[in-house]
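My questions will all concern the structure given below.
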Amino acid sequence: MNALVLQTTARLVVLLLVVFSVLVLLRGHNEPGGGFIGGLLCGLAFATHALSFGVRATRRLMRIDPLRLLGVGLILAAGSGLPAMFRGQAFMTGQWLGSVPGIGKVGSVLVFDVGVYLVVLGAAMLILTGLMGEED
Amino acid sequence: MIALPVLPILIPLLAAAAGLLGWRSVLWQRVVGVAGCVGLFAAAVALIVAVDRHGMLVLQVGAWPAPFGITLAADRFGSIMVGLAAFMGLMVCVFSLAEATRRDVHRGFFPLLLVLLGGVGGAFLTGDLFNLYVWFEVLLIASFVLISLGGGRAQLEGAVKYVALNLVGSMLFLTATGVLYGTAHTLNLADLHLAMHEVRQQNPAMATALAAVFAIAFALKAAVFPLFFWLPASYHVPSAGVCAVFAALLTKVGVYALVRVFTLVFPGEEIVITAVLIAAGITMLTGVLGAVTQYEMKRILAWHSVSQVGYIVAGVGLLCVPDPAVQALGLAATVVFLIHHGTIKSTLFLVAGLIDRREGTTQLRPIGGLALASPGLAVLFLLPALSLAGLPPSSGFWAKLAVLSALAEGGRWWVLAAALAAGLLTIMSMMKIWNEAFWKERPSDSSHTPRRLPAALVTPVVLLVLGTTALGVWPQPLLGYAQRAATQLLDPAAYVEAVGVLPPPPETMEAIDVTAESSRAAPP
Amino acid sequence: MKMFLTNLLLALAWMAMMGSTSWTQFVMGFAVAYLALAWLGAITGNSAKNGYVRKLPAAIGFGLFIFYELVLANLRVAYDVVTPGPNRSPAVIGVPLDAETDVEITLLANLITLTPGTLSLELSEDRRTLYVHAMFADDPAEFRRDIKDGFERRVLELLR
Amino acid sequence: MTLADHPWALASAYVLLGVLGVGMLCAAVRLVKGPSLPDRVVALDLLVVAAAAVVGMLAWVYGQPALVDLAVLLALTVFIGTVALAWYLERARP
Amino acid sequence: MTATLWLIATLALATAGCLLVLLASVGLLRMPDAYMRMQVASKASTLGAALALGGAAMGLGDGPAVVRAVVAIIFLCLTMPVAAHLLGRAAWRTGVPFSDETRAIERPGD
Amino acid sequence: MTLLLSITVGVLFTCGLYLMMRRSLMKLVLGVLLLSHGANLAVFVSAGLTRSPAPLVETGATAPPPGAADPLPQALVLTAIVIGFAVVSFAAVLVRRASAAVGGDDTDHLRTTDT
Amino acid sequence: MLWTVLGLFGLAAVSPWATRRLGDAAGWVLALGPAAVFVYWLVNWPAVAAGELNQTLPWAESLGVELAFRGDGLAGAMSLLVSGIGALIVVYAGGYLRGNPRLGLFFAYLFVFMGAMLGMVVSDHLIALFVFWEMTSVSSYLLIGFNHGKPDNRDAALKALLVTGGGGLALLAGLVLLGSIGVSLGLLLNEALRVSVLVEHAGAIQGHALFPAMLVLVLIGCFTKSAQFPFHFWLPAAMAGPTPVSAYLHSATMVKAGVFLLARLHPALAGGTLWVAVVTTVGAVTMLLGAVMAVGQRDLKGILAYTTISVLGTLVMLLGLGTDTAIKAMVAFLFAHGLYKAALFMVAGNVDHETGTRDVMALGGLRSLMPLTAAAGLVAALSMAGAPPMFGYVSKKVMLEAQVGAPTLAWLLTAAAVVANLCMVGAALLLALRPFWGAYREPPRKPHEAPRSMTFGPLLLAALGLLVGLLPGGFNATLGGAMASSIRGEPLAMKLKLMFGLDAKSLLIVALSFGALGLGYVLYRRLRGGPEFPAGLQGLGRYGPDRGYGRAMAGLMGLAKWQTRVVQSGYLRRYVLLVVGVVALAAGPLAVAAVRGGGAATIAGPLRVHEVVLALLVMAGAVYGVMARSRLAAVIGIGGSGIGLAVIFAVYGAVDLAITQLMVETLVVVILVLVLLRLPGAVRASGRLARGRDLLVAAAGGSVVTLLVLASATVELPAAVSSYYLNTASPAAFGRNVVNVILVDFRALDTLGEIVVVAVAGVGVASLVWRGAGRRARPGIEDPQRSGEAV
C-alpha cells in the first residue's frame, strides 16, 4: 500500500516485531512464548512489511527462500531427536548443553523450538507472499 | 531396535525436508524421493520382521514414561500397515519418476509424497489418541496438496470437496478426542483402555456416545456409507500415481483407526459396531452401483474403492459378535483385505496411468483395442482386475473368502448376501473396462498416436502384478500373519502391558481437580 | 540515532553489571549513561553530539505536550459523545505542509490523528498537502493555523 | 500487596471489567450495523483494543503478569489486522 | 498506607482508561458518519487502553510487566494513529459518505 | 460458565456447519474456520475450566502454584489451533483458485467430478 | 497330480512363445502336454481304482484350505475325458486357427482352462475345487470372447461370465456355509470342506438347520455352470467362441463342471427330498427345453448348444433321482456325450471352416467333398440319436431304465425323456444328414476336406463311440464302474450292454428307444425343408430368462443412475448436510443419554459479566459471520469471534493459547482478506425453506457437540497426566512454562507432526499460486486438464 505514513511506521514496527519474535522464541521455555508464537510474530512482521511495501520488497528483504526455511526448520526439529538415538536413548530424549543467562537450560529442546519457529515463519511467508504475489 | 518404531516416521519426514532444501533441482528431488522411500521400505521390513518375531515394539518418545509422553507402539497390525504404506510408496515413487512432470516436481510432489507416507506411518505406529489426530492431519494436508497439484479444474473441484468433507471429519475427531480427554483424562491408548473401564462404570452412556462419534469420524475417513461422498468426487482427479497412493492408504487409515479404537478403547460397544457392520453392507452395494454408471477408468476404480471399504469394514463390524473366535476371523479378514485392496487397487490406478500415458485419456469410450495393440498392458490390467473382482486364485479371492467366512461364522447373512452381490457387480465393472479398453476395437475416429511407455512407469506395475499374483497363489504367509495380528489385536491386556502404563507416582496422586469449576487463584 | 543506540547499549551494560533485569535498573542505567554521554559525548566522535543531548529534553517536552493535547481533546470529544444533540462542525480541510521528510510527515500525520477531533485522511500526491478530517472546525483558516503552529512547529523543532 | 487483598478494590476491578464488557458490546453492535465496511473495521479495532484492556485488567485481578504479554500482542496484532483490512478496502474498490 | 494509596492511584488510572474505552464505544455507536466514528473510536480507545493497561501493570507491581505495558502503550500510540489514518484514507478513497453536518470537504485538485 | 461455554461451542459448530451448507466457497472456508474454533473450544471446555493462573513455574519453585490450570488441554488446543490455521489457510487459497477455475464463488459449479 | 495341473499352467505360460517357434506343428507338439496327462491317468489307473492316489499340500491353512487331491474313480474318469479330448482339441485348433497370429494366446487360454478343469476334478477340498472352478469361468470367458472384435462375442462372453460367476458366488456362499456346518459338527477347519470327510458325515450335515440354504446355494452354482433352466441362456450365446472352444466347453468340460460337482457332492448331500425334488425337476425341465429348442435352430452350433443343454439336463435329472441305475445311466450318458458332442462340434467347425457358413439350410451334399468329416459326423450323430450299436444307444437304454424305475412320477419322467430323445434324434439327423447328404448347395466358399489335424479328432472320437457301444465291457470294468462307485459313495458295478433282456421292462425300454428313433426321423423329415414349424419355439428363448437378463441389466443401470443422482449429486452442500445429519441422528440420542447418565455435573458456576460478554461476543461474531451480506463483513465478524475466543482462553489461565489464537486469527484474517480480493462475486442465497432445513440440521449437529462437552463433566477421574506435567516440567525438563515444555518435550512428537502440517500448507499454497513454475514443463507430458473432465 502506497501510504507514506504506513511505510515510515512499518520500518520501525517490523524491526521491533522481528526482534521481539526472537525474544519470544528464546524465552518460550520459561515464559509465555516459544517457537510457534515467535514464528507467527515474525510472520506477522513480514506480513506488515509486505502490506506496506509490496511483496517483492519483502522477498528482497528476507533474502532467504521460505521453502528452504521450511526444510531447515523441519530438519532441525526432527533432527533434534537424533542425538539421543545415537546415544542409544529413545528418540527425542532431551540432551542438555548448559545454562545461558536469560534463557535457562539450553539443549536439543531449544533446537526443536527453533525448528518450529523457522517452519512457522517459512509457511507464513509462503502463504502471504504467494497470495500477495498474485496481486503484483 | 529401540529406534525402529520411529524410523518409518522419521525417514520420510527428513527426506521431505531435504527435498525442500534443494527444491529447485528436479534431480535432487527425485534422488531424495527414491532414497526416502527405499529407506522407509527397509525400515518397514525390519519392523515387520522384528515385531512378528519378538512381539510388540514400544518406544517412549523422549524417554518419558507412558502415559505421560507419547508412546510409539508397533504391533503386527500396525507394522504390516506400515509395510503396505512403504511398499506402495516406493512403487509409486518409482512410477512418478516418469509420471510426475517437472511442474509437479517443482510444486513439491516428492516431499509431499514423503510427508504423506510419514504421516501414515505415524498414524499406524502411534499409541496416543491425540498424536493419532496429528498424524491424520499430516497425511490429510499432504493429500490435500497432492490432489490439487495438477491445478486443472477437475483437480481443484475434487480438492474442494475432498478438503471440505474431510475437514468436517477431522473436526469431529478432534472434538471427540477432546471430550474423551475431558472424560478419561488421559490420551495414551493403553491408558485409555484402563480408564474406560472406570468411565463405563460411572456413565456407560458416555462411553457409547463417544464410541459413536469416533465411529462416525473414522467412517468418514474410511468412506463408509453414508459418509463416502468425498471419495467418488475426488479420488480420480489427481495423477495416477497419486490416485494409487491414495487408494493404498487414505481410507485404510480410517479403517485402521476404527480397528484400533474399537479393540482398545471401546471394546464391546455393540450398538455402535453393529451400526458399522450394517453400514459396511450398504457400502459394498452403493460402491458397485456407483461404478456401473461410470465410463472413465479412474472413476470406476474410485467407486469400487467405496465398495471394497465395505468389505474391509465388515470385518471390523464383526466385533459386534460376542464370540472372540468370530471377532478374530473378522479382524483377520480386515487385515487381509486391507493389504489386498491396498496393493491391487493401487496397481489398477497405476495401470490407468499407463493407459493414460499411452492413449492420452482414461475415458473408456474413445479408446479400445489394447488387447491386441499392447498385450503386456492387457496382462497387467487383467490380473489385478480379476483379483479385485475376487476371482481365484488371487489375493482378492482369499480376502473375500476370509470376509465371507467370518460373516458366515458370525451369522450375519444379510451382509454376506450384500458381499456376494457386490462381488458380482465388481466382476461386471472390471469386465466393462476390459471390454471397452482392451477388447473393443479402437474407435475409427481416434486420432491419438499411442505413446511409448517408459520403463520407470512399467517396472513398478510389473513388480506389483507379480507380487500380488504371488500373494494369490501362495496366500498363507499373509493369512497367517493376519491371523496372528488379529489375535494380538484382541488381546488389549497384552498391549497395555507392552506399553507399560505405570500407575502415577504417589506424590502426584493428589491430583488437581480440573473437572470442578473453581477459581482458587482468584478469590471470589 | 547512533548516540541513542549507544546510550541504550550502555544502559544494558549497566543492567548486566548489576546482574538484574528489572526495569528500575534499566532506567537507572539509561539515566547514568545519558549523563555520561552529555558530558563526554565527544568521545564517540559524532558531530551531532549536541543534537541528541539537546533533543532528549525536547522530546520529553514534546511528549508532555502530546499528552496534554490528547487529554484535552478527549474531554472535548467525550463531551460531544455524552451530550445529546450535536455541537460539532465536521469538515475535511487541506493543510499545506512545511514538513518534508518521511519521518516528519509521518509524525505530524500521526499526531494529528492521535489527537481526538482530527484525523489525517490523505496525503496529496506531491506530499505538500495533508487532508484532515476535523470534528470541530468552525473556521478552516484557524484550524490550519492551529495545526501549523502547534503540531507542525513542534515536530519540526524536534526533528530538525 | 495485590488487588485480591482488598475486596473493595477487587470489586471495583470487576466493575471496570464489566464496563469494558459493555463497551465491547457497543462495538459489537456497530460491527453488525455497519453500514460501511470501514465502520465494521473500526468496530473490530475497538473490540480488540478493549480486549487488550480487559486482558490487562485480568492480569491485575488474577495476579498474572503473563497476561500482560497477551495485552501487548493484542496491541501489536490489531495494527496488522487493520492494515490488511484497509489494504483490502482500497484495493477492492470498484 | 502508601500501598493503599498506590492501589487507589492505579485503580483511578484504570478507571479512567476503562471509561475512555466505554466512551469510545458509545461514540462509535452514536456518531453520525464513519469518519467521526473513527475519530472517536481510534483515539479514545487508544488512550483508554493505554491507561487501563498502565494502571493494571503498575497495580500488579511486577517490574517486567510494567516494562511490557509501557512497550504496549508506546506501540499503541505508534500504530493506532497509523491504522486510523489508513482506515480513514480507505473510507475517503472508496467514497464512504460524510454526514450531512459536514460543512466543507476539500479534495485534492479543488 | 461451563454451560455457557458449551452452548458457545454449539453455536460455533452450528454456524460453521450452516456456513458450510451455503453455496459460497468463501463461506465454506469461513465455516471450516468456525468449526475449528468450535472444536478448539470444545476441547478446552471439556477438559475442565479453572479460573486459575497459567501453568508457569515461578523462578525458584519446582511446580506452578497450586490450582494452576491443566496444561495438557492447553497444549492440545494450541496444537489444534496451529493445525487449523494451516488447514484453513490452504483451504482459503484452494477455494480462491477453484472459484477462479469454475468462474464463480459457487459450490454448485463444482459438479463435474461427481456425475 | 499337482504336477499335471501345474504342468498345464506352465504350458499355458510358454505356449505363445512356443507357438511362434513351432509354426504349423504347434498343435501336434503342444497336444503332447494333455496327452501326457492322459497317459499319467492311464498308467496310474490301478492306483485310482484302489483309491490310493492321494496328495495333500498345505495352502491357505489359516482359512483351512489345503491343496488336497484325490484321484478316485470320478476324478480319474473325468481327467481322462478332459485330457484326452483336450489333446484332440489342441490338435484340432492347430489346424482350425492355422496362421492366426493369436493362436499361441488361444493355446494359452486353452491350457489354463484345461489345467483348471483337471485341478477341479481332482480336488478333494471344496475351496481348492472352487478356485479351479472359477478359473474355468475366467478362462472360458477369455475363450468365448476370443474374437472380441464383434460386440456380440463380447456380450456373450460377459453373459457367460456373469451367469457362471454369479452362480460361482452362490456356490462360494454355499461352500462357506457348508464349512461352517462342518465346523459346528466338530470337524477341524481344514477338514470341514474335504469331500472325503464330509461324505462320512452326510447324515449330520443333512440334518443341520443351515442345510437347505446351503444346498440351494450350491445347486445354484451347479445349475448356472451346467446351464440348467433358468440359467441356460448363456450357453447358446457362448457359441460365439471359435469352434474348438465350443467343443471343449460343451462336450468335455466347463458345462460338465456343474454336473461334476453335483456328482462329487452326491454322496454327502443327496438323498433328501429337497435334493431329489429340485435337482430332478430342474434337470427334467432343462432336458425337455433344450431338446425342443434344439430343433428350432438353423445354426449348426446352435443346434449343438441346445442339445448340450438337454443332455446336461438329463445328467442333472439322473443325479437328482440318485438311484443306482440313474447313476449308472448318468456315467454312461456323460461319457457318450463327451465323445459324440466333441466330435460333432469339430465336424461343425470343419464345415464352417471350409464353407464359411453354419446355416444348415444353406448346406447340402458335402459328403463327396468332405468324406472324412461326413463319416465322423454321421457316426457321432448316430451315437447322439441313440441308435444301436453306438455308445449313445447303450447309455440311452440305461437312462430310460432309470426313468422307468424312478421312485415317483416314473411315467412323467419317462415321457419327458422320450420326447427329449425324439427331438435329439431330429437334431442329430439335422446335423449329420442335412449338410452332407442330399443335393449339393453352393456355400459361400468352395469347400474341400479339412486338413488332417481337423479330421483326426472327430474320427477318433466317433470311432471310440462306436467301439464302446460294441464292447461296453471294458468301460464297465474301468472308467464306468469306478466313476459310478465314487458318485454312489460305495462300490457300484456298471453293467452296460448292447443287447437287451427279454423281460417286460427291458422290452418296454427297447420299444421306447426305437419308438423315439422312428418319431425322431419323422421330425427330421419335417425339419429338413427349413424349420418353420418350430419357429414359435424361438419365442421361448427370446421371452425366457435371456430377456430377464437383459431386463436385469437395464434395471441395474437405471438403479445405478438413480442412486448416483440421489447420493452423489455433486452438491457439496448436500454432502455436508447428509454428513451432519448422520452425526445428529446417530450420535444425538446417545449424547442425550450420556448427559443424563453418570454423576451430577458442575456446569453452572458463578458467572462474571466480562466472561459472559466474551462468550456472547464469540457467539455474536459467529452468528454475524453467518448473517452478514458482505463476505468481508463475515470475515470481520468471525475474526472478532476468534479474538474473543483468545481472551476466553486467557481468562481460564491459558496465556500461550490465547496468544497463539490471537496471532493465528490475525494471520487468518489477513489471508482471508487477500483471498477475498480476487474472489468472483457470490451467488444469491438459497430459498427460505432450504435455509431453515440447513439451520435445523446444523443446529442439531451443534447440539450434539454441546451435549458431549457437557457430558464429559459427568465423569470424574483423576488427572494424573496433568499433575505429572506440572510437577515434572521444571525439575526434569528444565522449563518453567509447562505448556511449552509439553509442546517441545513431553509431547514433542505432536508438535513435530504439527509443523509438518504447517510446512505442507505452505508448500501447498505455494504450489497453488505459482503460475510460473510450470513454464518449463516438457511439452507433450504436460497435461494440466488431466483426464476425467468430460461426461
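Lettered A, B, C, D, E, F and G in written order, each chain numbered from 1.
Criterion: a contact is a pair of C-beta atoms (placed from the backbone, for glycine too) under 8 Å apart; a residue touches a chain by one contact, two chains touch by 3 or more.
Nothing here was measured: the structure is a model prediction, and the numbers come from that model.
**Student:** Would you pick out the chains that touch subunit D and also touch subunit E?
**Tutor:** Both subunit D and subunit E are touched by A, going by the contact rule given at the top.
**Student:** With contacts counted as defined, which of the two, D-G or B-G, has more C-beta pairs across the interface?
**Tutor:** Looking at contacts between chains, B-G has the larger number.
**Student:** On a C-alpha centroid basis, what's the spacing between subunit A and subunit E, in Å?
**Tutor:** Roughly 31 Å separates the two chain centres.
**Student:** With chain centres taken as the means of their Cα atoms, state the distance from subunit F to subunit G in Å.
**Tutor:** 49
**Student:** Measuring from the mean C-alpha position of subunit C to the mean C-alpha position of subunit F, what distance in angstrom results?
**Tutor:** Roughly 42 Å separates the two chain centres.
**Student:** Averaging over Cα atoms per chain, report the distance between subunit B and subunit E in Å.
**Tutor:** Taking the mean C-alpha position of each chain, the two centres sit 55 Å apart.
**Student:** Residues of subunit E that contact two or more other chains, please.
**Tutor:** 26, 38, 42, 46, 64, 75, 78-80, 82, 85-86, 88-89, 93 - these are the residues of subunit E that touch more than one other chain.
**Student:** Hunt down the residues of subunit C that sit against at least two other chains at once, touch-wise.
**Tutor:** If we look for residues of subunit C contacting two or more partner chains, we find 21, 106, 109-110, 120.
**Student:** List, in ascending order, every residue of subunit F touching at least 2 other chains.
**Tutor:** Residues 1-2, 17, 20, 25, 28, 38, 40, 42, 44-46, 48-54, 56-57, 68-70, 72, 76-79, 82-83, 86-87, 89-90, 93-95, 97, 107, 110-114.
**Student:** Could you pull out which subunit G residues touch subunit D in their complex?
**Tutor:** 608-610, 612-614, 616-617, 620-621, 624, 630, 632-633, 636-637, 639-640, 643-644, 646-647, 650-651, 653, 655, 658-659, 662-663, 666, 669-670, 673-674, 676-677
**Student:** Using the touch definition up top, name the residues of subunit A that touch subunit C in the complex.
**Tutor:** Touching subunit C from subunit A are residues 3-5, 7-9, 102.
**Student:** Touching subunit F in the complex: which residues of subunit D?
**Tutor:** Touch list, subunit D to subunit F: 62-64, 66-67.
**Student:** Under the stated contact criterion, what part of subunit C meets subunit A in this complex?
**Tutor:** On the subunit C side, the touching residues are 21, 102-103, 105-106, 109-110, 120, 123, 127.
**Student:** What residues on subunit E touch subunit A, complex-wise?
**Tutor:** Result: residues 75, 78-79, 82, 85-86, 89 of subunit E touch subunit A.
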